[in-house]
């Protein structure tokens, strides 16, 4: 949840413009789809596209329109139940694992739902006086950040659906850039000490990035680029997926029950390795960063390399030395790209989320927001690991140096990757 | 599989006309649907509508076009794998439980597949000389009977999908006929003896209806109409779902694990019982036959009534006294209707499939057809019960007195009902 | 349940003597065991030995002492709950799958329980006047037949426990009889017709063997001996476990999920096939009957041989031509032995239970007994198959030509085998 | 794993004496048991007593005798496989979840195994020259610490077995001390700062307590005693188990799937709350510390109290202010006891393990030992939480201020409890 700016700089028109552009982007992402593609839920962790489109709308309806729009009449009262994700404070939820069993409201009806809510949000913002604007701006902003998260999930959930299909559907043809030589790895030393960690200031951040606090960081070195596919192949050829001594115990169990022997979406054909991407099944690029790997694989790879994963504090400290630039969703590449050849710290942002060694835990003095909004982050602080830096499916405007993404250690369907430390 | 007529009376034009009308009816049934409705598989036993449309087409492609059409080129080679249901003799099958994870080929592509195969089947029939016609006619006929079975499944699978949705979608508005008084039950005695059972003659029948053979039937009485909803309510009010002494042991386990306390699709609202139908959620009709019940419920109800279910041989013998008439799919009612008031044997055909006490087993001397076609029936003769008579979702032209439908005793999503015997 | 003799010939002393000898035999079977061996439940279908010893005692306590012994005081009231198997009419049951989690009452306490109940049963019988004796004799007789069934289960459940252990414990050393040549198969023709089936007369039989009734049997041939291990090996070498066309659909699924590629308890070592027996792991005897196979395997083997399994009526008719003799538990061989070389019908009794093609269903006019005793047989008449003839773990005094044993088609831990028909 | 003392002060006789006393204590704990009690595994997380006795022996055989005893001949080669817990470096393991299916080797055989290994270990130590003693002492010491951990598990696993039994077996009668008034809670402030954390020095510690390193601790207050049963009742009466806003998301799921509405082993009878203890079922003591609660419950309780759990570093810092004294296993109470009335920091050691807010993670610079011994701790550093302080089932000689115990957040069968911080 947002740290609430007490003195907002967003003018009404800035807020409206931000609202329109984020909301429109969700629909832009759906343009290549057939109606059939909106319906399927390929695993309980993922959701159908139609659900994402409706749920993000539900968020504005629930947290902005219902409390603040005068005489608000919902388009369909059951949507409160159908499109609630996990907010117990709002009420019961349609069971998560059954989202893919629903065919109605149709996609057309959900677009109508979006349009109706958009109209009313825009009217509410336009007509709001200053005190109301103060109150709703952080909620609208939170809704937009929330929608950006779901835009990333739409791409990764869709990819997971398409990957079930032996026809290997193509979301969007992506020009194959001939991979350059694999750029050399470099190492970058930081001295650490007692440093400030977490979000400060008036701009938007989730509550889990706060409060800003001091942390003690020991000296460390961090790798200059992400681990590449060719390095992952070396790991595999060295028996990486068959050597229990490299793995956490839970990881080794998971590898066996899940029958893992390569990153997710890798396909071995007679003429070598391929990778399923949003551009279809393509030959594996050696120079590109490895992606769709779990924390377990990241950790095992690091152990094999006699390195380790960075802590989230180390990462945050290192990130302060580089600008927030990279291969984000706006590149329309929808896949991580190989690092540039340079001796600097590269790929800190975009390309792939970087697993850190840090379990997802509250910062000292952390307090979730009051009410249902407080369920946004805090209640998930258990059995997950922090990832940093964003990915090729993240919006540039969504990411921050203090941004803490989190997934369970077995999750592989996000654009996740590895940066080493030592 | 068909008993092969050695001297076919079907002329080419009759076969073509039958082909066109059955194939067209599948698509007619889909007219009320949204594209979203074609995609979902609500349980492993059911299949998405898009799959039914493709699989029935695959049947003609696999068993008619591939072996008999000169230089046949499939529209997409992977369809052989994607749309094979369970024919190991044809090859591997895409996993049944994952049929609902596919979004492509799209519905439009599947209609194109149907059109392409239809064109070639029609050309093949039109151009066939007599020997070829002799050979393909029983296969085409089998494919059409097969498609009629899937037409019934399309309606029941769709109903199951819609029933997952708290919005209770309506497939087609059905005029509510004000239920008459519940017609009196009547009893009809048959003396039995050694009687001929099973299909004879040249006309089409599945292989499981053969060979015709003698069976010994002891004297019995059979009920004049199906058990009604009001009788089922009496059973429930008498604690029927809470009295283990009424149930088979497996049924009692199933009742507990499935949390059964009424027939499937019954919904208790504040003002009484409702039933989800293809016409939406409607107040329960007292006079209509109870439907969507398992063998376990049919058996428990019969025990409670101090009756029993008829054997399939008793049913077949009794059926010979009445014409094949009833509430079939052509009524477009899509739901069982109450019996007429008369003292005759009523509702032997249409309305609901009637559970018999007979485990599904081969007739003495039974032999499945050679090759993959032989997988149609025989391999399912285990842990299932025979149902007789067809339902409100069956085509009149599909049913016979000797017709043996079969489902596991826990199945409830078909239009199944109860006729008593004693 | 017993058909109640209205005029019992059993004198008090005969009943007492029968009681003592059957009860003693349960404990005799336990003599080779360590205390540890009484505790384990290796799968939900099986039960710990300590449970069998207590449950058979509970049966007498519940159905004889509680209703008939004046002022009966149970040794421990909770035993009614702990040792009830599935009699809902008696009350709740401790969950079946958790029987192996209990360590108390200890084995010593259970022997004490047995002794206490035995004393009181013997006193009750001794002191009963004629009318009471009339009433309790069939119940005592039923309890003894029941205990004999559990004696067989004790051996098969124990074998299943021992088979989990890589140390291959030995229940009792059995002298290895050098296997003779495999005796030739013979075929025996019966003309059938309308014949009487089921139990008649005053002697004990379970209710599922009644009523005696007429059945129509078509002419058939039945094999002269059981199928041998060497024949099963031929089936395996011909790809029997890898050819779906030989299997029922449920059988093929089961084979895959259970990873079946040979009969249960067969172990392949470097120097060939071994079989785990109650005498330990021994080289597979080629001439001995194959055992520990499911209905699915029996059915697939028969199909491969271009034969079929006999119906239970065919078996019963054929059995009338031979005396009830064979390798029963009294041989202390605890394993099926090879057939004698002769041209007669052999091994109809003892050695292995013989799967029939008959689903377990009630005979026409069947009625279970009143009250909880009626739960003995009738409620299991669903999704099981009838087996006939007894096994090397059955007591001679327990078996009859009309005896109907029944197990689900996937069950393999009993001494089950194959006799062919055609 | 042990930090290896380079200059051991243990003389041979001290080591022998320590060895004998620890090994003897395992058997002492078993004296109240029946043979049946050694066999059962009541859940996959727990192990049978017979397995604990054998596995701890296996540890000495594998890590001391095999590498160091000249011409060592194992008593039974298969024990290496049967009694390996999770050391992939040693070889395959008998499946953990099936430990309760084995009945052999018998308990007597396992005692023989213990005796045989003990003899050889004692001979090896007695005859070792100085360099060998240097080498084996830390391994023997590790084996003894390991056995002490299993002694605690024997008590908690046995309690879990007994708790399955409606007869509520008693391990050992414990005199009921009339509970005093609930002692007042007190709060103790620490200023924190950059402090040294972890084990230092030559004495034994597990590898996960090293390396000693600096950590930054913010000022905090810690509660003077453990949370009591009466406080837990207040939480329950305030709807604690029914208010999702108090729970972590995973905890709420767990509560629902596990049907949790009180701590484990609490039993509600007509006349109030009881608790199953190793002394049987006894009325709940209001003043005693709540125990057998998961991390989820500890965390939810803390949130309800508007407090939090301490971090493991806070706990370690606070622990330095008090001596290592408390209600350990040597009290033979086998249950936590109520705190003394005082205004000091109490119950820091013994009574119950104290859940901390710290995910179990490696200390900066942590390195597991080389070889299979390195699997002792490191590979479990995922999805677990650190507990501190020992319990009423821990040996005093086993615990340290730096000791890090760890369990998954859902684990409840250990003697776990709550100390609050803020």
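We call the chains A, B, C and D, going by the order they appear; numbering starts again at 1 in every chain.
The criterion applied here is as follows: contacts are C-beta pairs under 8 Å (C-beta built on N, C-alpha and C of every residue); 3 or more make two chains touch, one makes a residue touch a chain.
None of these values were measured; they are calculated from a predicted model.
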| item | value |
| --- | --- |
| Interchain centroid distance [CA atoms averaged], subunit A/subunit B, Å | 47 |
| Whole-Å gap between the CA centroids of subunit A and subunit C | 60 |
| Distance from subunit D to subunit A - Cα centre to Cα centre, in angstrom | 38 |
| Two or more partner chains touched - positions in subunit A | none |
| Touch-based graph of the chains, sorted into line, ring, star, complete or other | ring |
| Every chain pair in contact, whichever chains are involved | A-B, A-D, B-C, C-D |
| Residues on subunit A engaged by subunit B in the complex (per definition of touch) | 34-40, 42, 50, 76, 78, 81-82, 94, 98, 100-107, 161-162, 164-167, 169 |
| Subunit B-facing residues of subunit C, complex | 86, 88-89, 194, 213-216, 218, 244-245, 247-252, 295, 357-359, 361-362, 364-365, 374-375, 379-383, 409 |
